[in-house]
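Shared between the two complexes below is subunit A, which has subunit B as its partner in the first and subunit C in the second.
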Partner chain A sequence: MRAIVRRTLGLAWVLPALVLVGVFVYLPLVQNFQFSTLEWDIYSGSQEYVGLDNYRRLLDDPVFWSSFGNNLLYAVVSIAFQVFGALVLAALIESVRSERWRRSLRAVYFIPSAISLTVAGLLFYFLYEPSLGPLNHLLRAVGLGELAQAWLGQESTAMSAIIAMSQWQGFGYSTLLFAVAIQRIPGEVYGAAAIDGVGPVGRFVHVTFPLVREMTGLMAIVTVSGSFQVFNEVMVMTAGGPNNSTQVLGTWLYRSGFVRNDFGYAAAIATVLFVITLGIALAQLWVTRSRRVEW
Partner chain B sequence: MRPRALTTFAAIVGTSVLTLAGCAGEPAAKAPAADVAATPEFSGTLSILTKFAGDPLSSYFEGIAAEYQRMHPGVKVELIQETDQSIKDKTKTLTASDALPDIYFTWTGNWAENFVRGGRAADLTKVIGPGTPWGGTFGQAALSAFAYDGKYYGIPLYNNGKFMGYNKAAFDRAGIGVPASFEELLAACAPLRKAGYEPVTFGNKDGWPALHYLQQLFAYHVPADVLNADFKPGTAKLDHPGYVTALGQFKTLVDECTDTRDGTNGVLYSSAQEKFLNGKAAMYYQEILEFANVTDERELTPENFGIFPLPVPQGAGGDPGAIEGAPEGYLINARSPRVALAVDFMKFATGRENARKLSAAPYAQPSTVVGAVTEEGSGKAVSEGVELVNKASYLAVWLDTVTVPEVADAWLAGGEALVSGSSTPEKVLESVRQASAAAK
Partner chain C sequence: MVSRLSFLGVIARVFMWAFLLGLAVVVLYPLLWMVVSGFKTNAELFGDPFALPVDWSFDNYRKAWNRGVSDYLTTSVLVTVTSTVATVFVSAWAAYGLTRVDIPLNRTVAALILGGLMLAPTVALVPLVKMFQAMGLYNSFWALLILYTAFRIPFTTFLIRAYMIDLPREVDEAAEMDGAGRWTAFWRITLPMCKPIITSTVLLHILFTWNEYLFAMVFTSGSGVQTLPVGLTSLMSKHGTEFPVVFAGMVIAAVPVVLLFFLGQRYIVRGLADGIGK
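Here is the complex of A and B:
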């Protein structure tokens, strides 16, 4: 009897949180899927059930696929810079003997991450500005004037310019997390490797890298997941242009709904995006369980 | 699967299916049309969504609201002020959630038509139509811009039109006069550049500035009846050769007269405007609403500021007297319980005194009320622009609001592609044709 009361009381305690999560997280998910099966005229309020037609349209939409491609490119570059690049940098910082220098370097690399993406996007927009931006001025000043161009105005360079900004902004955060992971590695392991004659590169490959694999896996998944949720920086810097060349799934979703009035189709894109990020989140759970390093 | 889990799963699936089954909904029931000519009850809260956020415009409606509340102490006016860009999302969100305010901003063309078609705009013919005292205070063309199927829905607040603004001192220094044709405009770019100016400053980061050039050129090259048919996907053919010619001429202008050329998509519209105001560029294609930015504090002073319509290309087969522009105004929510009060407020807002205030500095939005715009009150350029708009044989409404969003979006992407050189006029037109066919 007491156990039943305790269980009921326990349920009562978590019920408000369950209701909140249900109303604000799961209900919108169900509603979003519901919207994706409709052709919805927001002006008249009429809603026509179209089944999976909006999902079929996705298959033939070249902008959807180029957006997906841009997200993938974002993920690949982010993995290279924000996971492997950040790991190497963290190892270099942690190998510095002076504690004061280590702290300073961590702070220097972390500062860009403290700037909001919207602000960073605006900052880089002006940096890339073709006639007034300092980047082109700098290129001309060092004799590389032929490389000066409208970085965000050309379809060939716009996406790379946005991704570059994003790496600058996120690099320091990953570096800091890797630095923390490296600090957790017992000093004796490095000591033993040194006695065995292993050099700095060897210590990184055979000691650091395997012992931070849990963090590496986690960062890889967080980075890929973040790459599919990109929105702010693209909206601020190009809004998906020129000629849809910098659309990502998030911005194409927004444009389909709020510019093209195609809210059912936008909901279908949102569902696809949800499935992708859900898959990545499940992978993250699996990785954090299976790659744990114990010592 | 355990029995209890199976039951739970079945319940969730069942609920989802029921929810989905109920989603093919009917339009929300329309409230019976309120009498727009009724005597208003001066009580309650009147909500208004304006496009006047930011300095100096925001204080215009704030002042009117304060004055109206002083006259009618039982009324509270709630202002929701948005910018030109943010109002698009805000209006659509409020529409989708059935929470439109009592009075809301609108453009003409397909933008306003959507609200009329959806039963969200009150029919104001009884109070603002031809022959009514209130309707008689407005220019007829401005009123007609919001008429659909012979009914009048909109309250035009100010007129707008697009003109090439130019720096007279730059023209003098380059030894050129106002170009009489599009070809002369192109020819003027070399001497202007030689005189140390960017001939035409242009920022197309947002895509729509290119559409303004294009729509004016389309109006010159394509007859008005063909254009109007092409705006509607149901009747569109988009096969007039004038489109390709216009697209080609626009590309030539970008390549020959701007410094940023194929990188113009990376420049903000406002950055281009700054370049013109700082006296570094000789010309800048702009709306009447922007003329007030030329002040004595800037390098380009009002004395040196002149305007002319984008010159007509030689041999163009459309309407040489066309000017791109349209009034902007307000609709009254047909489902509002305070329609008569909303009408009364807008009558007050468009009264002669407030119309003059709107047309003069610091607002300089040329009112659609007849006689409100004067050279003394609004400045020479605004007065001249409004006169040219009033004289125009055809008003070409903005390309991004006159047609359906899918087609407008295709024009937007096509304009950007043309600027960057990644597409040709023929390919751009084909992409628009496809978007129009898909939107049928």
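Here is the complex of A and C:
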């Protein structure tokens, strides 16, 4: 009996964490499912059960689909630059002989990831600014004046401009993590490759890449998950405009709930986001569990 | 043959360095432009965005400071410090309980706490707003403190727990033989041994809180409770025609975290690397 009391008292160690996570992370998640079945005006307080109507409306909402498409585009571009590009870049950096240069390059590339997405987003808002923005000035200076345009102000370029900013902001983060993974490869492996007469490209393809495969998988998963949670940079740079062309699921959720006062609909978008991000997280768990090559 | 190979090698090296340094310029130039523009007058900025300011005055910084940035900075510091302390202690307690104390349903508890890692904050947004309105904490400092703590506990516990698992147990057991209670053992022995990972988690939490936007934007609106990321967008919408003042505000927001990164680089990298694949 005393043993049982003693064990139960031990729960006090984990109780604060359990309560905080339970009340503020899990409970809202459960409530969200319930809210997604309501037609709900938060200001008047009127609520009406509408079943799966909000989900049906999602399917017919072109902005929902274009938002989803924008998240997907974000993911594809980020995989290219922040996973494969960053991996090649990390291998290049680690091939530099001077440790001081390696450290400096990694640190410089990381700086944009340390500053907030708000600062980075505002900065690029000014860089893209049509009249005073350095980008258009630069294009005119090198004789490409006809390419100068309102990058964030037109539907055809706004989303690409935001995604480009995000690559600038995020590539140093994944490069740093890949560099750590490459450093963990024992030197002898490369020594053996050198004896076999493998060149630098062959070394990357046959030695580095296979040995950082797990990190590559994890980075890809984290990157895709992040691409579906994009919010900050879009809000700061375009708030979803022009004409909803840069809406992503996160901003469309926000706009539906907090601007158009359609909370049930916002909750339905949240459910979609939940399914996507949970699926990705389970994939991550699977990759970590089934790791094969470990150094 | 050998000389031709090394000639190619030299060409390859030149291209590699051109690429690496070019990329460094692409990263640094916009940041430098931001800093320099913060010292210019509006007329100078519109006249030639690339030119250096005629005289380097801190006028824009003074203006930014007086137009709300001092308030935003104070709130950011307050929220960052309190939520860091809360998150790290609550997580260290939980990690200790999960690795050193015989508690019922250990695996379930661990899965519940760490499972929070898988949930995106956006998903909980609508119910959280309703909940905080009901508690009367909407638009308050408390909302941010609670949310930043609750949503970062899974990640922080994950890192500290992984570290504690690898620590030798003999020391704890010896302490218990000496009659030291668990509470004493935690503070005197386990926590000091976890110093490296605690440093990592503190730094990562500061970076997160300082830069967080989603919760800060949705849960605060008055200038008294806004943190820097949201405050900057307010500054932008209120004084958007005076670009250099906004630049000054951006520099004020960016400098502390860039410094923090350079000072604590080792710990930050370690925390990030362990956090993604341990």
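Definition applied: the second predicted complex is superposed on the first by the 278 of 295 C-alpha atoms of A that agree within 3 Å, B and C clash if a C-alpha of one lies under 4 Å from a C-alpha of the other, contacts with A are read in each partner's own complex, and residues count from 1 in each chain.
Just so it is clear, a residue touches a chain if its C-beta (ideal position, glycine included) is under 8 Å from a C-beta of that chain, and two chains touch if they have at least 3 such contacts.
This one's a predicted model, so the numbers in the text were calculated from it and none came from an experiment.
Residue contacts after overlaying the shared chain place A:Phe258 against subunit B and subunit C alike.
With both structures placed on the common chain, the touch criterion links A:Leu38 to subunit B but leaves subunit C unconnected. Of the two partner chains placed by the overlay, neither subunit B nor subunit C lies in contact with A:Gly69.
Legend: residue contacts after superposition of the two complexes on their common chain; A:Met235 is shown touching subunit C, with no touch to subunit B.
When the shared chain is aligned, subunit C comes close enough to touch A:Gly250, but subunit B does not. Contacts of A:Gln47 after superposition on the shared chain: subunit B is touched, whereas subunit C is not. Shared-chain residue A:Leu132: touches subunit B and subunit C both. By the touch criterion stated above, A:Pro186 is placed in contact with neither subunit B nor subunit C. After overlaying the two complexes on the shared chain, residue contacts for A:Ala281 are found with subunit C alone; subunit B is out of touch. Within the superposed three-chain arrangement, the count of touched residues of subunit A is higher for C, of the candidates subunit B and subunit C. Touching of subunit A by both subunit B and subunit C, each in its own complex, is seen for residues 35, 42, 131-132, 257-258, 263. Chain contact summary for the complex, subunit B toward subunit A: residues 16, 19-20, 23-28, 88-89, 92-93, 95-96, 98, 114-115, 117-120, 204-207, 259-260, 262-268, 271, 405-406, 409, 412-414, 416-417, 419-420, 422-423. In the complex of the two chains, the subunit A residues touching subunit C come out as 7-8, 10-14, 16-18, 20-29, 31-32, 35, 42, 89, 92-93, 95-96, 105, 107-112, 114-119, 122-124, 126-127, 131-134, 137, 168, 172-173, 176-177, 180-181, 200, 214-215, 218-219, 222, 225, 228-229, 231-232, 235-236, 249-250, 253-254, 257-258, 263, 266-267, 270-271, 273-274, 277-278, 281-282, 285, 288, 291.
Residue ranges of subunit A in contact with subunit B, taken from their complex: 30, 33-35, 37-38, 41-49, 128-132, 149-155, 158, 238-239, 241-244, 255, 257-263. Across the interface of their complex, subunit A is touched by residues 12, 16, 19-20, 23-24, 26-28, 30-31, 33-34, 37, 45-46, 49-50, 90-91, 93-94, 96-98, 101-104, 109, 112-113, 116-131, 146-147, 149-151, 153-154, 157, 207, 210-211, 213-214, 217-218, 228-230, 232-233, 236, 243, 246-247, 250, 253-254, 257-258, 260-262, 265, 269, 272-273, 276-277 of subunit C.
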